[in-house]
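Letters A, B, C and D mark the chains as written, and numbering starts fresh at 1 in each.
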Amino acid sequence: METLAQDLSPEEQFQARIDADIRIEPKDWMPEAYRKTLIRQISQHAHSELVGMLPEGNWITRAPSLKRKSILLAKVQDEAGHGLYLYSAAETLGTSRDQMLADLHSGKAKYSSIFNYPTLSWADMGCVGWLVDGAAILNQVPLCRTSYGPYARAMVRVCKEESFHQRQGFEIMQTLCEGAPVQKEMAQEALNRWWWPTLMMFGPKDSESPNTAQSMNWRIKRFTNDELRQKFVDMMVPQAEFLGLTVPDPAVKWNEARQAYDFGEVNWEEFWNVVKGNGLCNHERLQARVQAHEEGAWVREAALAHAAKRKAREAVAV
Amino acid sequence: METLAQDLSPEEQFQARIDADIRIEPKDWMPEAYRKTLIRQISQHAHSELVGMLPEGNWITRAPSLKRKSILLAKVQDEAGHGLYLYSAAETLGTSRDQMLADLHSGKAKYSSIFNYPTLSWADMGCVGWLVDGAAILNQVPLCRTSYGPYARAMVRVCKEESFHQRQGFEIMQTLCEGAPVQKEMAQEALNRWWWPTLMMFGPKDSESPNTAQSMNWRIKRFTNDELRQKFVDMMVPQAEFLGLTVPDPAVKWNEARQAYDFGEVNWEEFWNVVKGNGLCNHERLQARVQAHEEGAWVREAALAHAAKRKAREAVAV
Amino acid sequence: ASPLFPFVLQLADTSLILAHRLSEWCGHGPVLEQDLALANISLDLLGEARSYYQYAAELEGKGRTEDDLAYLRSAVEYRNPLLVEQPNGDFAHTIVRQFLFDNFHYQLLKGLKDGPDARLASIAEKSLKEAAYHLKWSSEWIIRLGDGTDESRKRLDKAIATLWRFAGELTTPTATESQLQELGLVPDYVALWPAIQAHTAHVLAEATVPEPPAPVAQLGGKTGRHSEHLGYLLAELQYLQRTYPGLTW
Amino acid sequence: ASPLFPFVLQLADTSLILAHRLSEWCGHGPVLEQDLALANISLDLLGEARSYYQYAAELEGKGRTEDDLAYLRSAVEYRNPLLVEQPNGDFAHTIVRQFLFDNFHYQLLKGLKDGPDARLASIAEKSLKEAAYHLKWSSEWIIRLGDGTDESRKRLDKAIATLWRFAGELTTPTATESQLQELGLVPDYVALWPAIQAHTAHVLAEATVPEPPAPVAQLGGKTGRHSEHLGYLLAELQYLQRTYPGLTW
């Protein structure tokens, strides 16, 4: 391999490493399109962690027990941590956190549309953990073997914590479903709201996802959207049954031939509507982030100013 | 009288009218000290209505029934109305609402210290109506016959509504006292907090109230602080007994000889402390008013700008 | 229960939630006269809400009271449109929210007043006079803020950008509303639209504000899918009743 | 019940209410790293509060749980000092509130750790490490904001003017605390004072901020006379438990 590499063009060497499952590292040569695609994908993922703090953060002050409050706060804190790893991973590709945040705030960069749905009851904390984190894990676990080293390593940490979060979410649902009738109703009502939006998390149908092939070739994507969506349904339908809940899709039915669940068609109009910024919470989520950033400006400036003063004093002292 | 008046100095004429219980009107001559004292007193009263909206406003969004919410909101709205009458009455003496508000916001003008105590439970809505409005009425009813016409007429309207409010407050207390034990406890706990501060509403002891004599001479005050305080105790102690509540003063006892209740000494240190601005809510009350005023500046400016534009257009049209 | 029950409840929730939001202004208005006006509108809507809740309780016939309906239902059971639960924001936001509501409310009440249900007609008739005043007030303020200062115009524009997308839900019938419209119990919203639209056009023109392009309407409140704001509002509104259920206050 | 019960409950309420306030920042911090730090401190205090509530429940011996104590007591039953219930305000207000609390909390825990009550001593020992970090964090931020920009200094000064008056309650013993101090169960606050004072002087000097004149201390929270902020906080905190009492979550 190493000897052969001498004769290949940089592109060919690069693709050969990828095909051999050798990680690409920051100092390695990479095609500009690969770099850009990764920056877009990683920063979008980082933004999703950041914005994803909001719908769950919405219930921290109203969690129904001290234990749940503590678990939820720790979970949202983990998401902030994931954001940090991911921004750092993206920075190794030559962008900066400030630039990425500016793109988020201007609306240029995207984040996962799922966070544009509101959290309306305590059961939503269950659904977000169980379904949303469940879908995220299906998307993310393959990324632990993705071709770009810093991203893959960040994803290993992220996935470990995410699967912990997913179990916590399921446990919230289980507690509700084993509780009083009013709690079970709460769980069902939340499932009704979250089911379809989580199916949308895997993105448009393969037939409408033109970049999939290139991304799979670069091994920054390892399954198609429809493959992952099917996996998700196959995983979740039995769990819903176990909980005694009904998935809000009358078309869901075990298909013996496919050895998989059939399911209904996602409302793609809603999907594109939310992607285009017209979900219920798009405006609020972005506003909340922009506001935190703007109101924090004086704090960041103060910290920088103080550090500079201190450095100047230390230089004099030396 | 009219013939004699020709021979008297303006001061003597003025005092003669007052002594004859003839109202002083805005266009009449009056001593500068009388004008200043009245401006201070009326604006302080107007400010008290304005600031007094806050402690009760604090429970509008948490009132325990739709009926109570409606009554409470209407009551606080009445206070805003009283503020309006009183600012207008003060304006007849040659000041402006802007000037009076500036004095309130700078801390130069005072308002009733009672509003620097917080409202902490629903029963406080009872106590504020029953005790605070009760004390206010004792202070205010004599002012319906005060020497300055616009003030006296404003007070007639104010007192009519205040006595309605006081009955509503008493009725809240009565409902709580006839309700569940937890409601009665709530009522007693509130009484414990409000009793002494309401006794302070009548001001310092007569021996420490040097301006009383002049004010009584001008008939802008008709009873001394201690007289009113005694009246209040004599009125309220039987009402508390009727409610089955205990006034938090072990010294309260019927004095057969005086035909009045004895009662303990007010904590004058606390009184002066709150007057000097160190009550729990002084800072918040003033901040709330200043903030409303500052955040409303652009609205007031827009209204003026629009009125000017409209006037200019109409002038052109004519 | 009567087929009217969910609709009357929706009207009740709508008036209550908006009344509640307006009451949050109490003591904090930009000028004393407007503090009074806001409280006044809030009181009118609160009174209207109570009439609807009382009627809804009767229609349901399960012995629930107006307070049970207002204080003991969760956010996902509430049926108010998203518009009225939006936070007060600055005065411009409050005015835009109010204008969008008033403009619909006035036309709706006109329709209900002439409707076949006597009780609804009588509540509507009483409320219509109040609603006419509210609409006049909020329309005048739209004009003042639009044709006032640069600052007020900037704030009005921002409020329109934030809130206009919630107007569509008011005139988009839910399945329940469609059914009642077919039965002739609820006015056809399509028929109300020209008057609403004409008044909007008139007021915006007076305010020198160009008509905003029609945004994608945010739907959900009337079927229980609310924004995150409602939960906080209800936590405050319902706290005492939730804490001490079944007592008399 | 043990004479320690009301004191342990006061410690629990104090840590819970401050943890709750800090948790309100979650997702809204001025920079991601500080969002994490605020959540971290909140989690530490929440953990400490739970240990105290569990111990208080045992001391009381009436079968109440940590959640009963936290979720089913009214504002006038809460025993936290006024300082910790004050709203977050801007970051400077949060930092000043935190600094005043941390400075006291650290010294208090040092005292409790060596106290005769084994359970309290063990909770204090565990919490002391965390409290040392909190104090380091808030002290550093006081210094950064004081010796940062003109804007940060202005905001810090305003926060000090607003919150300094709540510091006195921390070291002013209530009747309950005095009694326990006489029994040797609670450290004498007078003895803690020099260390607290010295650290304050040191941090303010580093921050180039002159020591503010001692204000009249605001007392009341530790005896149940709170500011109006606590009621709203509890309405939110307790909403679900109040709405559905007795369920498992």
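Worth a mention:
Rule of thumb we're sticking to: a contact is a pair of C-beta atoms (placed from the backbone, for glycine too) under 8 Å apart; a residue touches a chain by one contact, two chains touch by 3 or more.
Values in this document were obtained by computation on a predicted structure and should not be read as measured data.
Among the other chains, the CA centroid farthest from that of chain B is the one of A.
Centroid to centroid, with C-alpha atoms defining each point, chain A and chain B lie 58 Å apart. Our note on geometry: chain B versus chain C, Cα centroid distance of 35 Å, whole angstroms. Counting partners per residue, chain D has 74, 235-236, 239 as the residues that reach two or more other chains. In chain B, the residues that reach two or more other chains under the touch definition are 62.
Chain pairs that touch one another, listed by label: A-C, A-D, B-C, B-D, C-D. Chain A meets chain C in the complex at residues 55, 58, 62, 118-121, 189, 193, 273, 278, 280-281, 283-284. Put simply, chain C touches chain D in their complex at residues 74, 232, 235-236, 238-239, 242-243.
On the chain B side of its complex with chain C, the touching residues are 50, 53-54, 57, 60-70, 73-74, 76-77, 80-81, 83-84, 87, 122, 172, 175-176, 179-180, 182-183, 288, 291-292, 295-303, 305-306, 309.
The residues of chain C lying in touch with chain A in their complex are 74-76, 82, 162, 165, 215-216, 218, 220, 225-228, 230-231, 235. Partner chain B is touched in their complex by these residues of chain C: 16, 20, 23-24, 26-36, 39-40, 42-43, 46-47, 49-50, 53, 66-67, 70-71, 90-91, 143-145, 147-149, 151-152, 155, 236-237, 239-241, 244, 247-249.
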